[in-house]
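Next come two complexes built around subunit A: one with subunit B, the other with subunit C.
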Partner chain A sequence: MGTTYIPVKTILEELDIDVVLPPMSSKKTLELGIKCSPEAICVPFKIIMGNILEGIENGADTVFMLTGCGPCRFGIFHALQNEIIRDMNLKIEFITADRFSNLAGLKEFSARLKEASPKNNYLKIFNTIRKGLKILDAVDELQELTNKIRPIEINTGEVDYLDTNFSHEIRKVHGYDEAMNLIIDYKEKVSSVKIDKTKQLLKIGIVGEIYTILEPFINLNIEKKLGVLGIDVARSISASEYVREQLDFLPFVHSGKKTIYQAAKPYLEIPIGGHAINTIGNSMLYKKQNFDGIIHLLPFTCMPEIVAQCILPTIEKEQDIPIMTLVLDEMTGEAGYMTRLEAFVDLLVKRKDLKNEGNSLSWN
Partner chain B sequence: MKETVYLGIDVGSVSTNIVVIDRDQNVIIKEYYRTMGNPIKVLKNGLKALRDKIMDEMVIGGVGTTGSGRDLANFMVGADIVKNEITAHAVASSTYVPDVKTILEIGGQDSKIIILRNQIVSDFAMNTVCAAGTGSFLDRQAARLGIPIELFGDLALKSQTEVRIAGRCAVFAESDMIHKQQLGYSQEDIINGLCEALVRNYLNNIGKGKDILPPVVFQGGVAANKGIKKAFEKALNCEIYVPEHFNVMGALGAAILAQKEVENNKTKFYGLNIADIEFKVKGFECSYCPNACEVIGIYKDDILAARWGDKCGRWQNIEIESPLS
Partner chain C sequence: MTIKVGIPRALLFYEYAPLWISFFNDVGAEVIVSDKSNKRILNNGTIYTVEDACIPVKLYNGHVLYLKDKVDYLFIPRIMGVYEKEYICPKFCGLPEVVKYSIKDLPKLINTKIDLTKSSNMKDAILNMGSYITTDKKRIISAYEKALIKYNEHKSSMKNTYINEQNEQIMIMGHPYILYDEYLNMNVIKKLKSYGYSCITPDNLDDDLVNEYANSYPGKIFWLFFRKMLGSCLYLIENNFFDGVIYISSFGCGIDSVVAETIERRLRRETNIPFMLMTIDEHSGEAGFNTRLEAFIDMLEWRKINENNISTHGNNLYSRENNIRGVRY
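Now for the complex of A and B:
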């Protein structure tokens, strides 16, 4: 899921577990996944299925995976995938960790890690988890920075070049220190890209289902595409925020969960699974922060987000902020997708021009 | 002195349209070609025909491209503006029907709805996962019934009895049609039922949750079909306006945008003689990562002019040599 593999890989490496990374999600991953997945399941399931199969191809014998009942069908992914793999006469062990939204869950997570690496004691495991969380935050910061710089870079493509290189190099490093150094190194590189500070930007917030937001292969690189169109992109969900939301029962962890749930209240009072309430809450927050528009992403057949999708038009009208919903599935053709993004940006530009007549925005 | 005109090119999946307008945005020439899966050839022939027509009388002051092949067209002709078809359609409509509030557009492969308020686009939608309700579907059914698509609309108007056909999905619609036909319903009634099913499907899928207010403009190739127009009028209970140049509105919008774009600039247009240049497209499969992107290069007289199709951007630098394939 996007860059989430980086901290997990680091944790496992620190525990001296031999890590096999499946290749980055690609058309091949998708094809492998589709072949053996139920037809009507969402595309994240299919991708993960493909990831597992590619992992097996590369010699993995154990899958490490988060799970937990509650979020959505994600809770049954591991069981279903385990069955499918058995039906295919392949062998792989699943280590699953329930969500760690309470102490018991956290304990179980550590126990699972211990199971995979019997040599390590709990103290070491606990420390390693903390290191992993640090990496998680650092990677998210790097991505945020990348998104900030991309629309205002002077030489188009510079940031993307660094971005691509980073994702190649991070796969080659081993352990916490190397990974952290690489991240810091790239943060400096991205910060030193020449930028045009005077450029006026439109702000778009991305809300929706977590996997489609975080995995660029599925959302066809939406952040990059919008960045190139000159948009300041903010995404409502990051892996680190997700983990913080899970861990915020601990006194020293703070997440935006309360604020988001509060913001969603006029339209949705209780969490209904998945990230539906986050979608609603974050949309309201973006409105408050004077964003110009919102893009809502969801995988085809995603249940929680379908509910959110039905609420959003009311928000669009009552809160007066343009929202576009994009449903993502197996398609890798980009023409129609690009058309929608460009048209949405055009719409926002015109709207803004109209709002502050005379103070027109440079576009095209 | 030669008259300055503006050129709009819409390279769509099914048709490629070329429009020439004068300074006052009157349409001087409009050409509608079937793309037939070969946009380069069609566009070249179109430009050749255009050159013969306007030879000495006019000079092209600006060019705009739109449609799903807008980038390809841009590489070929050197456009002043490259615009997505939603914006282009909206611009064209609101030029000719200034107070338009809703645009229904049904083309060959996709259908859209565009909502305008105060002459700017306030909302839009495009079909996402389903092709039922587009021109290609009608085309297919017309072929199946052995009726030329041009007569489809007139036949629908002759219908006497209402026949309900499932419109949710092209496959269901087809089997439903066959079933009704075997029950003995007349062809006119079935065609009318199909038109209504298509409209129902359009309004449920694309028009879902949209505030459809009059004046409503109906454009795109399918707007030629009177049966569909009538079905829309019945469903929306208001008059539907089909503009004179309904089938080339995208190209028209591109031309209008081009005119605005060159107000203060010189045009980037390469000239109509590009019709004589040999354009070739060569593709290869990149082997750098498992995405195996199909990278397409366009060659102008055997010199690489541009390359696209790669996710990572590696091949967009045309100085890197293409691998031999």
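Now for the complex of A and C:
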């Protein structure tokens, strides 16, 4: 899921577990996944399925994955994938960890890690998890920085060049120290890119289902595409924020969960699973922060987001903020997608101009 | 003048109809249930709902539209889950929102939150539901108790349909709002009966038995429907009473995509019971549906006649007894 593999890889490496990284998600991954997945399931399932198969090709014998127990299908992924793999006569073991939204869950998570690496004691495991979380934060910061710099860079493509290099190199490093150094190194590189501070930017917020937001292969690199079009992109969900939301029962972890739920209240009172309430809440927050537009991403047949999709048109009207919904699946064509993005951006530009003119008129 | 409460005849109405109707009648409201689904209701619903929603939700909106101007209150409960740690589809949790933001000028909603996933305390929800109609708490509670008895009677009456080994039987699986909505499933139960097969639905099986079987599944089960379907499927695998399984799913249903796949894989791996998955949406034509159904039945019939004679052991190769893989020659 996007860059989430980096901290997980670091955690496992620190624990002396051999990590086989499946190659970056690609068309081949998706095709492998589609072949053996049920047709009506969402794209994330298909991609993960493909990842597992490619991992097996590269010699993996155990799959480590998080699960959750909620109304969304995510919690049942591993069971179904297990069935499918069994039918394919492949031998692979699943180590699953339930989400860790309470102490017991956290304990189980470390117990699972211990199962995979019996040599380590709990103290080391806890320490390693902490290190992993640090990496997670650092990676997200780097990405945010990349997104901030991209639209205002003077030499187009410079940031993207660094971004691509980073994702190649991070796969080669081993362990916490090397990974952290690399991230810091790249942070410096990205911030030293020449920028044009005077450039006027449109601000677009991305809301929606977490997997489609975080995985650039599924959302066809939406952040990059918008950045190139000269747009300041903010994404509502990041992996680190997600983990923080899960962990915020601990007194020293703070997440924006409460603010988001509060903001969503006029339209959706209670969480209904998945990220529907985050979608609504974040849309409201973006409106308050005077964003120019919102893009809503969801995988086809995603259950919680359909509810959000029902509500968004009302928000669009009542709060006066343009929202575009993009449904993504394996049939999404890049050209059509690009056209819609460009059209949306054009409309936003026009809208901003009109607004500015209107303002100046009223001053006369 | 009595207060009119409208209940759309869709989604969980098919599961809880006796409970809801009797409850609202007893607290002193007049209950109006929308007409049986028909083309007009579905078309109206389709127009007002986002495209990506599944057909039962669209149909639900159609029923709401039908009731809209006829009632004072619309009963659209927000059902999070009815058993501990078991949820149902997120669309049910957000149902009041789905309706509210799709259709304008609605009457007042009774959108009580029914959440039994964390504790099984029903009282607050009941009082809240009744408070729209009357302030008399005792009356609300007694109405609920009466309604519950009726509901349980209805449930156990469904279990009475006997499952016997002699009958030609087909198991029909799917959500109750598809299985019992004759318009949505194009009268599949009646059609199968006309071919001489009797239909068993997962509701006809004993709940405890189903749960017992479902518990042997390795993954955590957190959907009510999943538990029911899976339990029935595992029951099927062990007990050889069925000639075939038909799973009716609605296009885009998130839960069905997991459940149907799991069941199909289990059945294919462990038995020889024929399985057919039918997906319906608002474009489904009845003729195509019939053709597939007839083909399925033909196949079942041919199996009995033709494939029986192949065995050299004097044992029928594909009789019902041999549906279980282990027994198969």
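Here is the rule we use: the second predicted complex is superposed on the first by the 355 of 364 C-alpha atoms of A that agree within 3 Å, B and C clash if a C-alpha of one lies under 4 Å from a C-alpha of the other, contacts with A are read in each partner's own complex, and residues count from 1 in each chain.
Operating definition for what follows: a residue touches a chain if its C-beta (ideal position, glycine included) is under 8 Å from a C-beta of that chain, and two chains touch if they have at least 3 such contacts.
This is a predicted model, so every value here is computed, not measured.
After alignment on the shared subunit A, the placement of subunit B and subunit C results in a side-by-side fit free of clashes. Of the two partners subunit B and subunit C, more residues of subunit A are touched by C.
Contacts of A:34 after superposition: neither subunit B nor subunit C is touched. Put simply, the three-chain overlay gives an angle of 80° at subunit A, taking C-alpha centres for subunit B and subunit C and rounding to the nearest 10.
Shared-chain residue A:272: touches subunit C; no touch with subunit B.
Look at A:313: by the touch rule set out above, it reaches both subunit B and subunit C. By the touch criterion defined above, A:302 reaches subunit C but does not reach subunit B. Once the two complexes are laid over each other on the shared chain, residue contacts for A:339 go to subunit B alone; subunit C is not touched. In the superposition on chain A, contact is made by A:347 with subunit B only, not with subunit C.
Of the two partner chains, subunit B is the only one touched by A:160; subunit C is not. Using the contact criterion defined above for the overlaid structures, shared-chain residue A:327 touches subunit B and also reaches subunit C.
Of all Cα pairs linking subunit B with subunit C in the superposition, the shortest spans 5 Å.
Overlap of the subunit B and subunit C contact sets on subunit A: residues 300, 313, 327.
If you check the complex, the residues on subunit A that touch subunit C are 38-42, 67, 69-73, 75-76, 78-80, 82-84, 87, 98, 267-268, 270, 272-274, 276, 300-304, 306-307, 309-311, 313-314, 327. Those residues of subunit A whose C-beta lies close enough to touch subunit B in the complex are 23-24, 26-29, 157, 160-161, 164, 221, 300, 313, 316, 322, 327, 329, 335-336, 338-340, 342-344, 346-347, 350-351, 354, 364. Remark: subunit B residues 68, 81, 83-87, 110, 118, 120-124, 126, 128-129, 209, 261, 289-292, 311-313, 316 touch subunit A in the complex.
On the side of subunit C, the complex with subunit A involves touching residues 49-50, 52-53, 78, 80, 85, 87-91, 93-94, 97-98, 101-102, 113, 217-220, 222-223, 226, 249, 251-258, 260-262, 265-266, 269, 279.
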